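Working notes, structure below.
Chain IDs A, B, C, D and E follow the sequence of writing; residue 1 opens each chain.
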Amino acid sequence: VAQHDHSAHAGHSAAPPANRAAPLPERVKLKLTWNATALCTSPIAVAEREGIFSRYNLDVELINFGASTEALLEAIATGHADAGVGMALRWLKPLEQGFDVRITAGTHGGCMRLLAAKNTGITEDLASLRGKTIAVTDMAAPDKNFFSILLARHGVNPERDVTWKVFPANVFELALSRGEVQAIALGDPLAWQFRKRLDLVEISTNLSEDYANRACCVLGVRGSLIRSNRPVAAALSQALVDAQNLVAGNHELAARTFAAYAPGNVSVAEMREIMESHTHGHSPVGRQLREELQAYITDLKRINVIRANTDPSRMADRITADVFA
Amino acid sequence: MVNADLLTAPPPAETPLPGVALDLRHISHEYRLKGEPLPVLDDVSLTAVPGEFVALLGPSGCGKSTLLRLVAGLEPPTAGELLVDDAPVTGPDPSRVVVFQDPTLYPWRTVWRNAALGLEARGLLRQQKHRVDEALAVVGLDGFASAFPHQLSGGMAQRAALARALVNEPRLLILDEPLGKLDSLTRIAMQGELVRLWQAKGFTTLLVTHDVEEALLLATRVVVFSPRPARIRAEIKVDLPYPRHRDDPKLVELRRDVLGLLGVGDATQ
Amino acid sequence: MVNADLLTAPPPAETPLPGVALDLRHISHEYRLKGEPLPVLDDVSLTAVPGEFVALLGPSGCGKSTLLRLVAGLEPPTAGELLVDDAPVTGPDPSRVVVFQDPTLYPWRTVWRNAALGLEARGLLRQQKHRVDEALAVVGLDGFASAFPHQLSGGMAQRAALARALVNEPRLLILDEPLGKLDSLTRIAMQGELVRLWQAKGFTTLLVTHDVEEALLLATRVVVFSPRPARIRAEIKVDLPYPRHRDDPKLVELRRDVLGLLGVGDATQ
Amino acid sequence: MSGAVDIAGEAHPALRWPGLWWPGILAAITWAAAAAVTQGLPDQVDIIEWTQTGNVAIAQAALAGLFLVLGLTARLLPALHRRVVPLGPWLVVLGAALAGWQLLTAKFSVLPMPFFVPPQQLVEVYQDDWRRLAESVLASLWLLARGYALGAAVGFVVGVGLGWSKHFGYWAHPLMRLVGPLPATAWLPLAFFLFPSSASASTFLIALATGFPVAVLTWSGVASVDPDFYDVARTLGAKPRFLVLKVAIPAALPHVFVGLFMGLGASFAVLVVAEMLGVRSGLGWYLSWAQGWAAYGNMYAALLVMALMCSGLITLLFKLRDRLLSWQKGVVKW
Amino acid sequence: MSGAVDIAGEAHPALRWPGLWWPGILAAITWAAAAAVTQGLPDQVDIIEWTQTGNVAIAQAALAGLFLVLGLTARLLPALHRRVVPLGPWLVVLGAALAGWQLLTAKFSVLPMPFFVPPQQLVEVYQDDWRRLAESVLASLWLLARGYALGAAVGFVVGVGLGWSKHFGYWAHPLMRLVGPLPATAWLPLAFFLFPSSASASTFLIALATGFPVAVLTWSGVASVDPDFYDVARTLGAKPRFLVLKVAIPAALPHVFVGLFMGLGASFAVLVVAEMLGVRSGLGWYLSWAQGWAAYGNMYAALLVMALMCSGLITLLFKLRDRLLSWQKGVVKW
């Protein structure tokens, strides 16, 4: 993992977008957790390598947290990290329980796919899933949450009309080929690879319908940090938004940067293709972010993930912070 | 303790199996102690005709128990030849039953099931259950058939081990101080019982004991060993009729001889 | 085997600690066997003046070892009072050293370190190392100081256990058949050594043995027990000077008496 | 051994009162305090409102009453007294612990939500979610039963084989050394591939976790049998079959039980992993679900059930052992 | 025991040839076959093209040559012969297994990609990724060292306490029964909260996994010491301190080692979980990473390293035990 060395000032040539947060007066050390398997968060790696963090006088240490992003949230809430990037639909339920973490920015859209094997009678119509079994990585997975919302909107009761079964992602392929499940709900890069390699039907993604313009991953910042040092939170959020914008116009850069985190048999071209299927230009903050999250909360409430007596508007207020205001 | 009725009961009407002939030719044996060889037996040659009763005497640690292990077929000697009925010994055989110096009862079995071990191992338990009860009665443990070994006194454990051997029909009975922990009364009764069984069944007997008197009371021949490594220092034929008497002057004289051979001059005490 | 030099060496110049006075008052004890009480001692009363040498005789399993455990303070009696020097016994004490019926050597310690146990436990090992070597020499195990217990013969293990006790300076020495597995020569030497130590140090001694002769050769008083539950059947004062002789007609007569008490009439053999 | 400490919790002689059992009275006090704290102080309601606070207080008060009655009467009923006496100190401390727990979580938020939950939230979970929990317990028990039985049986046979046959050991030993310590997660894809259904794959994972310690300890047990035991049997005419079945195995049983015990612990440890394979309920499944939602209340509730279940199963195992090995006084304790 | 099977792999007398070591020659044949299969048949390239096929074939051929030389000369060099003889049968089988593996995966795709990978892919992973793997091994070793040492020490002390002091046992026993068998994952959030850094939280998880079996078995060991051993020491004036340190602990050591051994296995089992706590490298981390990408080649490569590491550490532990417990002939086998 030796790609950080020569990169501290490499990114100055990239035209900085309109700043909403200024660089910090002195250098601040931060710990940022992420999931280094999730290709969609590659802008974080880009931000580090291209010196975007340094531009805001941030000294960011990246900490990788295996596969489960709720551990990431716990790490932030317990002060083991200052901030982290995770999936909104994974985090909202835990955030409802009262973690002291605020969401300051959305990073990008896309990366969840609902796929089905060809010969199962499942079409691109969500209603065709009725009576089928769908594999998910766990019962609290963001993909499960998202496609449950989607199914509910299409008149399929996600709790009764379909069966969700938990499997580790790396055996989805087997579960499909064996007929234990007919469809899978999964995030990239594995979802993308499966779709391509196994020639699966893509029933839907989280870039469909109203969700085409909604953030999928979000930046969560330790509540105490926001309260005590808001400019740092702002700078960090800004740096990530900058990185997103940079990547949006240069998927190749993201793919090349992320190669250091991928196994040897995954090619840069493949990663670029995956990146291109996401919406990396869309990084909401402030009001827009709050509204997107409130919409998610409302959706989750409808499918009984968020408690019935939780007020989406109040919760959205509580879990977001407009660091640029 | 000892069931006197059973001791005098007539021997069961079975055809006695003849005892084996024993032929030890130039047996030597060594152990290893911290890498060094420790010679234990040194060129021991010994024969016994079928039905003989040979007692082995010798200083502590000289190698008597080791010799018995070799005869039982539990270990091969380092050198020399060991013949039973003219066939070399290659391993243990149920015709040669051993009473070890330590009782070595199986802690997970009751006294009865310990005594039944030989019959069970040879699949004869079903038919010959009564033999177990008889043997326990002979050693005076009929009241403790269902006790576990850890509930026995030292002498009782030794008697249980003796019963375990007697249940079988050995053609060679190998005894390593079988009566060492017994009080005089029980001991004398057991000695009488041994002689009675030996005479009735005609098996060959090898007995290690530290009690010179016991050796002379029981055996037809007494072999005296030197200190380690054991060599045969003397063989004494005991040509007295059974039952023998402790006070028989012939026996008292032999006793003095043997003690002398063992280095215990009369003057000592 | 036995180092004769050391046996006759003058006793080390230490002030002998006087032996303890022993007073057992109406001691009874029972175990449980499958839920049923098993009475083992029945109203045993016994006293010993300081420096006395009391031998206990009795049938196998009658309760001798149990009595020694009580005196050692390892178990409280079910009923009765147990006084040592007029103070009730509440637990074991290093002034009362026991040689158990089984050697019970620690398998993870060499013979030397086993013998050193008492000194180590009382923090005296550093100064008194030589005592361990001496004790091992006394029992003839100086060549096996670094052997592990599983490398010893039965008699050697017993001698090691004896050495472990002798290293200490008991005021009461409790011996449970300490010489049972020894050959005559070693046994006689050990008997001599015991008497010598006892005379030199003046400790009180309780000895369980199955050898009537041994009891009479060593003890000033012999106590004979009935079968379980043990009751005192007789006490015999042995008023003979030391060193005693096996063939002393007085001793031979006493022997006949005691055997008679144990139920072994002369006619038997 | 030493410390024959007076566990009975007898009060200082000066405090001894005819007919009173002081620890019971003390327990009544601490439990009453817990009830008072629960009911009397306001919840620091922030995010969640607890519905069971009152009920918890009532239950605590009721128990306090019971302990008071026991404290006043137990000495008069010797049989009862003998049974409750060992519980005394624990009851006192439990009451105090409940009060402290209540104060630290719901009342003063010293231990922050959502990591720490007050007792009333646990009660809430059991009340609201008992159906799913019960279903999960049954599913897990059934999975464990299959996997454990299989693993224990195979492990035992392999262990005996290793301890007995040099030939078997030559081939099995290197395999076991290499394969035994691998974590269950590593087996997931292979297990799934090799077994026809996910249920059988889960069973396999449990069996594997169980089998390894059972095999190693059975092997050890067989290998450490006192060689004299073999000598005795061999001189009495025992054939190898008898030596294995009647000497080696009984003598090895204490070790085997250690293995069975360790295997049970290990099988619980892989339950979470094994229940990632397409099951629809199970404690492990419930745990991952609760963790994913950061529903710590549910998680702790499930953990408590799991701990009780494991502890109960181990107790059962040890009961069985005490019965089988009555000749041997408690070699492995639980 | 029985089965003094002839492991040396001696050939049938008729085949015995002066100076030839037949298993070596057979091994040469199977390894040559493996090389031929690897090089001679075309890869069923579907998704991945392997770059190391040729090198694997060359290595196999080289080993075949070595075995041939050994087969022809080993008998002439008795010292060498004695060392290689036990390997014979395994070498033969390994060669055959390699050939079979090659055939079933790369050549005929009977075992499908990506679940099964051919040897050349493992070689590729080691070649390309050795730096990251080595780093992971070191990181895991360091984590294990800290966690294991801590867990073993605490577990030992707790075990001695449980076995020795009734008082300690009264309080510790119920806690241990309840808490001991909980899976490591369950501790994750609490560990997070309670420990200042993720490194210490990971260490805690490993320590917990290690400590439980060590405590239980130390306890068992102390509790099962032959009471006569205490009697002997007590009559010789031993104080409780001496009884614990010089009697109970040495007598319990064989059990303690079983516990240490089980604890080592358990610590490996939680490595994956412990390394989910924000570490930057480690075998568990590597495994989850490889699994996240479904990179089975990398996963198997890491598993192999992990198995070897665990096996090696256990071997070390047993070497230590043989040294410490030389008075006792191998109670637990490895």
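The rule is short, and it goes like this: contacts are C-beta pairs under 8 Å (C-beta built on N, C-alpha and C of every residue); 3 or more make two chains touch, one makes a residue touch a chain.
This structure is a prediction, so every number in the text was calculated from the model and none was measured.
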Checklist outcome for this item: Any chain touching chain B and chain E at once appears in the list C, D
Next on the checklist: B-D versus A-D: which interface comes out with more C-beta contact pairs?
Outcome noted: A-D
Checklist entry - Of all the other chains, whose mean CA position lies farthest from chain C? => result A
Item to check | For chain A paired with chain B, centre-to-centre distance based on mean C-alpha positions, whole Å | outcome: 84
Checklist entry - From the C-alpha centre of chain A to that of chain D, how far is it in Å? => result 39
Checklist outcome for this item: So, in whole Å, the Cα centroid of chain C is separated from that of chain E by 52
Next on the checklist: Residues touching two or more other chains, restricted to chain B: which are they?
Outcome noted: 102
Next on the checklist: Where in chain D do residues touch at least two different other chains?
Outcome noted: 115, 185, 189, 193, 288, 291, 294, 296
Checklist outcome for this item: Residues of chain A that touch at least two other chains are 68, 74, 78, 168, 170, 174
Item to check | Interchain contacts, given as pairs of chains that touch | outcome: A-D, A-E, B-C, B-D, C-E, D-E
Checklist outcome for this item: So, in the complex, the side of chain A touching chain D is made of residues 68, 70, 73-74, 77-78, 90, 93-94, 96-100, 135, 138-141, 163, 165-168, 170-171, 174-175, 180-181, 305
Next on the checklist: Applying the document's contact rule, which stretches of chain C touch chain E when the two form their complex?
Outcome noted: 69, 72-74, 91-94, 96-98, 100, 102, 104, 106-109, 117-118, 120-122, 148-150, 164, 168
Checklist entry - Quick one: in the complex, what on chain E touches chain C? => result 226, 228-229, 231-239, 242, 246-247, 250-251, 253, 325, 327-328
Item to check | Parts of chain E lying in touch with chain D, wherever the complex brings them together | outcome: 1-5, 7, 86, 89-90, 115-116, 162-167, 170, 174, 177-186, 188-190, 192-193, 212-213, 216-217, 219-220, 223-224, 230, 240, 243, 248, 258, 261-262, 264-266, 268-272, 284, 287, 291, 296, 299, 303, 306-308, 310-311, 314, 329-334
Checklist outcome for this item: chain B residues touching chain C in their complex are 1, 31, 33-34, 57-61, 65, 101-102, 146-147, 151-156, 159, 177, 180-188, 192, 210-212, 217, 227, 243-247, 259, 262-264, 266, 268-269
